[in-house]
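Letters A, B, C and D mark the chains in the order given here, with residues in each chain numbered from 1 onward.
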Amino acid sequence: MTRATILFASPDRPGLVARLSGFFAELGLNILEASNYTELHGDSGARFYMRLVVDLGAATTRATMETSFETQIATPVGGEWSIGYHDRVARIAVLVTKDPTCLYDLALRQKQGELPCEIALVISNHAMLESAAQSFRLHFYALPITKETKPQQEAQILDLLTRHDVDLVVLARYMQVLSDDFLIKAPPVINIHHGFLPAFQGAKPYHQAHARGVKLIGATAHYATKDLDEGPIIEQDVARISHAMTPDELVRVGRDVERVVLARAVRAHLERRVIVEGRRTFVL
Amino acid sequence: MTRATILFASPDRPGLVARLSGFFAELGLNILEASNYTELHGDSGARFYMRLVVDLGAATTRATMETSFETQIATPVGGEWSIGYHDRVARIAVLVTKDPTCLYDLALRQKQGELPCEIALVISNHAMLESAAQSFRLHFYALPITKETKPQQEAQILDLLTRHDVDLVVLARYMQVLSDDFLIKAPPVINIHHGFLPAFQGAKPYHQAHARGVKLIGATAHYATKDLDEGPIIEQDVARISHAMTPDELVRVGRDVERVVLARAVRAHLERRVIVEGRRTFVL
Amino acid sequence: MTRATILFASPDRPGLVARLSGFFAELGLNILEASNYTELHGDSGARFYMRLVVDLGAATTRATMETSFETQIATPVGGEWSIGYHDRVARIAVLVTKDPTCLYDLALRQKQGELPCEIALVISNHAMLESAAQSFRLHFYALPITKETKPQQEAQILDLLTRHDVDLVVLARYMQVLSDDFLIKAPPVINIHHGFLPAFQGAKPYHQAHARGVKLIGATAHYATKDLDEGPIIEQDVARISHAMTPDELVRVGRDVERVVLARAVRAHLERRVIVEGRRTFVL
Amino acid sequence: MTRATILFASPDRPGLVARLSGFFAELGLNILEASNYTELHGDSGARFYMRLVVDLGAATTRATMETSFETQIATPVGGEWSIGYHDRVARIAVLVTKDPTCLYDLALRQKQGELPCEIALVISNHAMLESAAQSFRLHFYALPITKETKPQQEAQILDLLTRHDVDLVVLARYMQVLSDDFLIKAPPVINIHHGFLPAFQGAKPYHQAHARGVKLIGATAHYATKDLDEGPIIEQDVARISHAMTPDELVRVGRDVERVVLARAVRAHLERRVIVEGRRTFVL
């Protein structure tokens, strides 16, 4: 059974749920999942969002369906939409530095079928995680970086992303700030920040948390944007800590939160559940 | 703006989302919330569930709409459904014994607008919580019970439920087992069990939990059925405990879980989100 | 059985656990609870903290014991300490404005024996919660406040705190900023902030959280200091929220977190578990 | 700096904290951590437990210290105790079948310094996880098992445990029930059960949980005893699930809980924090 997932957004008006679901019903396609959300008080009035998973069955061709959807549904109501076919598996690039936790976590989940994607390649600014990547039979590229070589290194990464046909970049504790130029040219980028944003932005959030004496630490997965640590948040979680823990122990406790939060965010993105609206996300 | 909430269940088939949403779209009624769920592997094949909140607007009469829905939508597909109008506020009865925590919690939430209901009356087998009920200006009835008088006492309760036009009975730490006969005659009954069911059924669950040395304790809100502590679970939660806690301290920690779990379950029921299917519930 | 709780802090050195516990052993007093913590990397070198609960039994007089402890234990090692006797119940003042949740919560817990204190009085800048206070038979004082009358109103509060022999002030959603002068003259003050500090300081934290699109909201109980929302944190917790929740719904969800966090912090303070060290607290 | 951890238990009596801490103070050894707990209502009266971490410094020999502790402290009060030296790293055996999650998790934590141990070997009844073990450079033994060969296979495992000088056996989703005879002869065994014990004992707990319609699933790490799933619980945790999840999705969500719970339990055991008392554990 081949499925497709449609993500749709438009100004709100009566009858949208019926229109969208009616479109697929008329094609004889069964709707396996449907959820919608209306943001009543958006900046430009009420806005409607819907996610549908349909069984493509013995349907018409994809191109025909897409054209019909655009002309019959989207255009008349000013809607924006995207579609993903489950037999076209997304390809992700994982960017790392030295910490292997998130890399192992993503690779293992992918292998166990938890993440609907292929890991096309692993890129690092160090050679350290090469054997970890190889133990999962993943392509690994070490691209060292200095202040001077940053533009060239980013160009190399962009080139690799293109050659490997990458749909999503995951920063799995990649300890470099990506340039605005890179972010404009690259596919979507998800970052894991090891702090409970918006608290503790920037470097060494666990040391900041320790100094402030908080009782919980957290991690935040967000889309990377040019404003560092200000991108739309996809997922967050926290863990309880004790005053007796050193910053190093916070790092240890934090790792368990980081990897779970990152995996949930990547999964939500891959399942086409995440809608970005300004600085917020809606996860349908 | 007056709203109505529809809860619908039927055997699954293609086109149901479109049919239901189309029905309201044709009446010119805006769908404010919609969620649906298909249980693929039910005992009698795939089954479809949907909850819709619609803005009644300047619509046709309610009776006409209900008749149309039955004949055009429900009957053709073998659907069961119910509808609630938000201007008809549900009336609940709270049954208590001596522990005031859940009573205060429900009364305060109701007063603050968190629970869409009126508390029609409070019934107890003791006089102890009379002043608590009165401080919220609630009707209070003390109906003592002994083994011998149980049938009469339950008859009195049933009579009060009828006279006060009660839609839902909430057992807020009512320390009596209701008879099968009562449960058949009464409106739906939600109970809070101070254990993480199915572990620790029956009496003194915190003492059982202490003796077993568990590291978390929980509470379970469920519909009361003739099989004690076996009714469909609506909501559960847990709290972490330490080996140093006595059973009395578990009671204290547990109270915070109980009241939150009970309130969430009552709210979900009142918002017409809960579907019972055998021993399970789906909370849409 | 009468108990005493000792809280002790000094520069770290070998033998402190033995010295402190030996002191009470020699007096024939059983140590019921003991916990200690050494902060290795404090600003002024390693620092030792210990909390002991002892059974006073048929011991020597309290004054004698205190003098001995000071001369034999504390002075030689440069220690600071305090002692509380369980038969001298702490007296707290609860300051409120219009939101009744935390007031009900504290009053009910006190009544059920969860908080080792008496609620000496309730003070508000509005009359609204008078009947709530009275339903628990608590003294209630309404002291309205304007920009102009703030110094006088605070003086009135200080006077009430003195006359009612108050040991701890609890700001249970008191919507006024206390002056530095007040904080210097008053007993310790615990505040509940309805945000996960240090994020979302200042007013309307739930609106800030909504605008930023966070996935969890929190509450923070801290000692009030002249730097608003910067005082040492005693306890924090969070609750998961959904993108579909309005700021008003965040308020509802947040209330459940606030009251539990505030109650835990007040309890920890009353049980003499909290040590303040700069901007951090250690909860033994 | 070399450290030792002492775990001590005896009937309660006044002066024990002072005695134990005094012993090490007199030897000039600094106490780095100390915690104690008195179980007041045990089956054989009040019982005292204490854990101490001491800096061995330039102390006397270990044998002398141990002899002195036994004769001066333990024997006079009927105490039982054990000691671990931090320069003698514990050696663990990890038993697996086909699920790699817990194996990867333990191996990675060990490598990152989170678990104070060496993984001496990995034993499986299948060959499937050989490459996973090898990617961490761990010895791997595949010992297939049938009903008939069970005694021989267990004998082989016991032989390997002896030859590799193993202190702790970790069942990381080992899908075989160990015989009573094995458990008597082996070092301590920690098992991860993928259910929230005591609910859902036995096989397929996620399917049981799904059928019962619970709203949270859990995992339990416990010492293996001859009564399956009845051993003393070391650690538990839960995760929230939705009615829409299939048993397979429960498995996925559960995996994240299992590995964290198992790692915490193994760590607590290795840090010599766990005291078993009947069916309960105290984690100091």
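One rule holds in what follows: a contact is a pair of C-beta atoms (placed from the backbone, for glycine too) under 8 Å apart; a residue touches a chain by one contact, two chains touch by 3 or more.
Computed from a prediction, not measured in an experiment: that's the story for all the values here.
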Path length in steps (a step moves to a chain that is touched) from chain B to chain D: 1
Type of chain A:chain B copy interface by residue overlap (half), same or different: same
Chain A and chain D, separation of their C-alpha mean positions in angstrom: 37
Sequence positions of chain B contacting 2 or more other chains: none
Overall pattern in which the protein chains touch one another (line/ring/star/complete/other): complete
Residues on chain C engaged by chain D in the complex (per definition of touch): 14-19, 21-22, 24-26, 28-36, 38
Of chain A, residues touching chain C in the complex: 37, 41, 196-200, 211-216, 218, 232-238, 243-244, 246, 279-283
Touching residues (chain side chain A, partner chain D) in the complex: 100-101, 104, 108, 112, 114, 131-132, 135, 252, 255-256, 260
